[in-house]
Amino acid sequence: MTPRTRRGWAGALTAVTLTLTACSPAQGGGAARGISSYSVGVTTYFLSHLLPGKAVGSNVDTALFTPLTRVDPVSGEAVNAVAAAIDTTDNITWTIGLRPGWTFHNGEPVTAQSFADSWNATAYGPNAYTNNFMFAPFKGYEELNPAKGKPTGKTLSGVEVVDAKTLRVTLTRPLALLPHMLAQSAFAPVPKAALTDAGAFDRRPIGNGPYQVDGPGMVTGATKLTLKRYENYPEEKGQAERIELKSYQDEGAAYRDLSAGAIDVTLITGNNLPAAAAQFKGRLVEVPFPALLYLGFPTWDKRFSDVRVRQAFSHAIDRETIVKTLLRGFGSPAKGLAGVAVPGGGEPDCAACSYDPAKARALLAEAGGWSGPLKLWTFQDGLNNVLLEAVGNQLRTNLGVQGISIQTQPVDQLYPNLKARKIDGPVLLYMGAGYPHLYALADQLFTKTSAANVTGYDSKDFAALLGKAAKAPEEEVLARTREATGKALADLPLTPLFQPTGALAHSERVSGVRPEFLGGVRLAAVKVL
Amino acid sequence: MGPYVLRRVLMAIPVLLGTTFVIYLAVYALPGDPIQALAGPNQVISPSVAQALRERFHLDQPLVVQYGLYLRGLLGGDLGTSFTGRPVTEIIAASWPVTAQLGGTAWIIMAVAGVALGVVAAVRRGAADAAVLFGTTLALGVPFFVVAYVTQIVFGVQLGWLPVSGVEAGWPLAYILPGLVLALSGLPQVARLTRTSVLDGLAADHVETAVAKGLTGTAVLFRHVVRNSLIPVVSLLGVSLGYLLGGTVLVEGIFNLPGLGYQIYTAIPQHDGPVVVGIGTMLVLVFLSVNLLVDLLYGVLDPRIRLG
Amino acid sequence: MASSTLVSASAEIPPTPLPGGGAWSRLRRRPGFLIAAFVAALMSAMAAVPQAFAGWFGAGDPRACDLVRSAQPPTAGHPFGFDVQGCDLYSTVVYGTRSSVVVAVLATAGMLVIAVVLGSLAGYHRGWADAVIGRVMDVFFGFPALVGMIVILQTLSVRNEVTVAAVLVLFGWPPLARVMRGSVLAVAGSEYVAAARGVGARTGRVLLRHVLPNSFGPVAVLTGLNIGLVISSESALTFLGVGLRTPAISWGVQLNTAQQYFTTAPHLLIFPSLFLSVTVLGFVLLGDALRDAFDPRTR
C-alpha cells in the first residue's frame, strides 16, 4: 500500500468559488448603517456549552472554531482546514501537518500543542467533558478512563506533538474515516486560557474560527451572544461584520419572531414548516437532515425474533402517505439507511421499506401470525407521537393487530430501559450521523458495543464487513460500508422510516443562506444586503 | 399585630425546610438516569464521565447524605451548583427579575380586569352579565398555549404592536402579551367570584338598610357592597399568585423569557436537584410573604376579623 | 358508568342536606338551571354511550381512519372534518367526552371534599387547626403546581384518568379551601351564628345548619369554573408530555395535537374547544343556579 496524502487545496478552492458566486456584489441597508450585522435565532441548546470538549457541534461552534478538517457539503469529502496534510499507511498511525498562519482570537498561534491540549483535556475522564466518548478510538484512552480507580496519566499516549506544526496520532484499531471524524468541533484546538479556567472559557471561548465572541459571552441569564468577524482568519473571512445569536427555548417562538422581523434567519422544523413554506416562498432554503427516523425492534423479545415478523411490520407502513400528509412533504420516505444528506447515503438499499400490505400479511401469517396487544414506544415529542399514531393505525389496518397503545418516556428513561431490555415493543427513534459519513450511521446503529444500538443487534458477519471498511483504502471505504449496511438491513433489527427535512427561512435583508452539516445556517456565509 | 407577624415569620421556617426536603425527595425519586439526561440528545456518554459526574454531584450518595450536604451548604448561604456548572444563587439572581415583572404584570391585569368585570356583571345584570359569563367561559375553553400563539401572531406578527418574544424591549412592552396570557388563566375565577360576592352583598340586610336610609346607589355600592364583597376575592387573589407563578413555567417557554419558571422547567428533566429545590423554595417564600400581606389586608377590609 | 359519576358529583356540589320542594321548584323556574341541566345531561349521556351519538352523521367509528384525509376541513357526512390521522373529527370529539368528563368530575369532587372539610375546620375553629391547615396549604399552593404535577406524573409513569385526576386534586384543592375558609370566617363572625351558639347549639349543628349553607356560595361558583380549569389543565399536562395520551381519546389530547397544526387546520382546534366551552358554560351556570337556590339569603 502506498502512502496516501490528503491535499485539501482543490476542495478549499471549490468552497471559495461557491462562496463568491453566492455573494454577488450588493450594497444594502447594512452598509448604509456603517456596519453589516444580522441576527439569528438558535435553540438554547446550541449556546449551552462552547468549550470544544462539551460543544454540541452546532453552527455556533463552527463559527467560533475551525478544526483540522471540514467536510465539503457537496462532495462529502473531508478537506483540510488547519491541517496541511493528513498521512497514513495503515489507517492506525496518522501524521498530521499544520498550515502556518492560524491564530486564536487572542493572537496566540495555533500549534500542534493547541490540539493536543484540547484533546487531552476532553479525553481525561475526571474532567467529565461530555464529548469524551469520541476519543475512544485513540491509543491511551483506556489509561485516562479506567473502568475502576484513578487514571494513570493525564495525556493520551496516542497523541504526540512531534514539533510545533506536526502531530502524530495513533489509534487502537484502523479507522479510515479519521479525517471525517476530526471535522467535528469536539476536535477543535484551544489556547492556553482554556486550560486555566475551563468554566469561563465554556461561556466566553477564544477560538480560531471566522468569528470571535464580542462582549461578556454566555453569562448566566444572557439570552444572546454577539459575535464579531475575526479579521486575521487565514481563509475565506466571514461576510457580515457582526452576528447576534438570540437564544430560543421554543423553536416556534423563533419562527414567529422571524415573521415579525425581529430576527433575520432561523431554522424551522416540524409542524411550523408548512406555514413557513407558504409565508417565505422565495426565502426558504430546504435542509435535508443527515439523520434517520426509524422503527427499532426489540430483537430480544421472542415475538420479534423472527425476521419475517419484522419484515411484515416494515412492509405494512405506508411511508409515502405519511410524508405527504403528516409531514406535508417535508421529509423523504426512507428507501435506504441514509438519505442524500449523509455522504455515501441515498442508495435504495432497504428492500423491506416498500409498502406492500399483501406481502406484509403473508409474511406475518408464515411467521405464525400476531396475538395479543402491541405497545409502540417513543420519547416525548409532539411530532413523534403523531407519526407513531399513524404507524399504529397502519399496523392495525394492514396486519389486523389489535390493542395497539403508544408509550412515551423521557429520553433519560427510554435509553436506559432499552439498554436494560425492558422495552416490550417497537420503538420510534431519531438518529443523526455522528460525523458526515454513512459509516458513522452504520457504526452507531448496528455495532454491538455502540451506545446507540438499542435493538440488541449483534451480528458477527456485520462486524466483519464493517471492520473491512475501516481498514480499507480511502477509495474503497464506501463500497465496503455499503456491504455492511446491506447485511444489517437484510437482518432488519430496525426499519428506516423517514429522512427528515427542515428549512432555513430568512428575511429580505440577508442572502447567501446555506446550511451547515447539522442544519443550522452557515454563519460566515450569510451576507447582509 | 407585631407578635402576629413575628409568629407567622417563625412558622414559615419549618414550612420552608419541609418544602426543601419534599422537593429534594421528589427529584430524587424521579425515574430515569440524571447522567443520561445530562448527555442530552447526544445520547452517548462514556462510563468514566458518568462516574465523574456522579461523584461531582454526590449522586452516588444516599438521599440522606445528599440532603445533608445540601443543608450544610444552605447554612452558609450556598444553594448549591447546577448540573450545568453554574451556582444556583447566580441563576436565581439572573432570572428572578423576569419572573417578578411577569407575575406582577399578570397579577395586576387579573385583579383589575377581574374585579371590574365581576362588579359590572353583578350590578348591570342582563346583557352585561351574560357577556361576561360567555367571555370568561370561552377563555376557559381554549387552552392557554393556544391563546399564547394567537396573541403572538395577531399583536406581534400581524399588527406589530408588541414584541413577539424575549425581554429586550423591557418592561412594560415585553411583558404585556405574556402577562395578559397568564392573567387570562385566572381571570374567569376572579370575575365570577367578584360577581357572586357583590350579588350576595347587594342582598344583605345592611345594604337594604342603607338604601332605606336614602343613600345613593354609587355610595352604597362602593362603601357597603364592594368593600365587603372583596374579602373572598382578596383571598383568591392571594392564592392565585401561586397559580400564576406556576403558569410561568409554560408562558416563559412560549414567550422566550429567561425567568425562574423556565429554569425550573428545564431543570426537572435534567434531575437538576439544586435548581429545582432552590427555585421551588424561593417561589414558596414569595408566596408566603404575599399571603401574609393578604391576611393583614383582611383585617383592614373587614374589622370583624381580628388577627391574633 | 361515567354518567353515574357525573350525577353523583353534581349531587355532591351542595354538601348541605337538600332542602324541600321549595328549592327544587325555584330551581326549575330558572332558565340558567334548565340550560345547565340540559348540558350536563347531554355530556353525561355522551360520556356514557358515545356510540349513540357518534354515528349521527354517518361515520361513527373514531378508529376508522384514512391518512389521505388528514386534517381535511368539514365535508358532507363529516361535519367537523378530519383530524391529523384522517379520523372523523366529530366522532373522536364525541368519544373524547368520556375521559375529559371523568377527569373533570373526579378531580373536582375530590377537591371539593378536601376544600369543604379543611376550609370549614380552619375558618370555624381558627387557632392551631387554622395554623396547621394554612401552612400545609401554603406549601401546596406556593410551589408551582405544574412543576409538582410534572414531577409526580413522571414518577408514577402510569397515566390514566384516575392518576391525572388525583394529581390535579393534590395541587388543585388549596384555592377552593382558601375561599371556603375565607367565607366561613366571615359567616362565623356574623350575628346569627353567634346567636345560635348563644342558645347552646352544638358545633356540628352550627356548622351544618348555619355556617356551611351560608358560606358555600363562593365555592359553588368556583366549582363550576373549576371543571373548566381541570379540563384545560388536563390538556396542559398532555402539552407538557405527562398527561393522558393515545390511544386515550380526550379533548386534552385532541387540543394538544391541534395546537401544532392550528395555523394550517384551525378546525382541529375549534371543535374540541367548542365542546369544552359549552361544557364549562353548563357547569358554570349549574354552580350559579345551585348557589341561588340554596343560599338562604336569596330565597
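Letters are used for the chains, namely A, B and C, taken in the order the chains are written, and counting of residues starts over at 1 for each.
Going forward, contacts are C-beta pairs under 8 Å (C-beta built on N, C-alpha and C of every residue); 3 or more make two chains touch, one makes a residue touch a chain.
Please read all numbers here as calculations on a predicted model, not as lab measurements.
Chain nearest the geometric middle of the protein is B, using mean C-alpha positions. Counting C-beta pairs in contact across A-C and across A-B gives the higher total for A-B. Chain B and chain C have Cα centroids lying 21 Å from one another. In whole angstrom, the spacing between the mean C-alpha positions of chain A and chain C is 47. The centroid of the Cα atoms in chain A and the matching centroid in chain B are 40 Å apart. Each of the following residues of chain A touches two or more other chains: 409-410. The multi-chain contact residues of chain C, meaning those touching 2 or more other chains, are 154, 157, 256, 263.
Taken residue by residue, chain B touches two or more other chains at 31-32, 149, 153, whereas all remaining positions touch fewer. Residues of chain A touching chain B in their complex: 44-45, 48, 56, 125-130, 132-133, 136, 144-147, 199, 202, 219-221, 223, 246, 248-250, 252-254, 256-257, 259-262, 409-413, 415-416, 451-452.
Across the complex, chain B meets chain A through its residues 31-34, 36-49, 51-53, 56, 84-86, 90-91, 93-95, 149, 152-153, 156-157, 160, 163-168, 252-256, 258, 262, 266, 269, 271.
By the touch rule above, chain B contacts chain C in their complex via residues 11, 14-15, 18-19, 22-23, 26-27, 29-32, 133-134, 136-138, 140-146, 149, 153, 185, 188-189, 192-193, 195-197, 199-200, 203-204, 231-232, 235-236, 238-240, 242-243, 245-250, 261, 264-265, 268, 276, 280, 283-288, 291, 298, 302, 304-305.
For chain C in complex with chain A, the touching residues are 63, 65, 67-68, 70-71, 84-86, 154, 157, 241, 245-247, 256-257, 260-261, 263-264. Chain A contributes residues 270-271, 274-275, 318, 321-322, 325-326, 328, 380, 382-383, 385-386, 389-390, 392-394, 396, 404-406, 408-410 to its touches with chain C in the complex.
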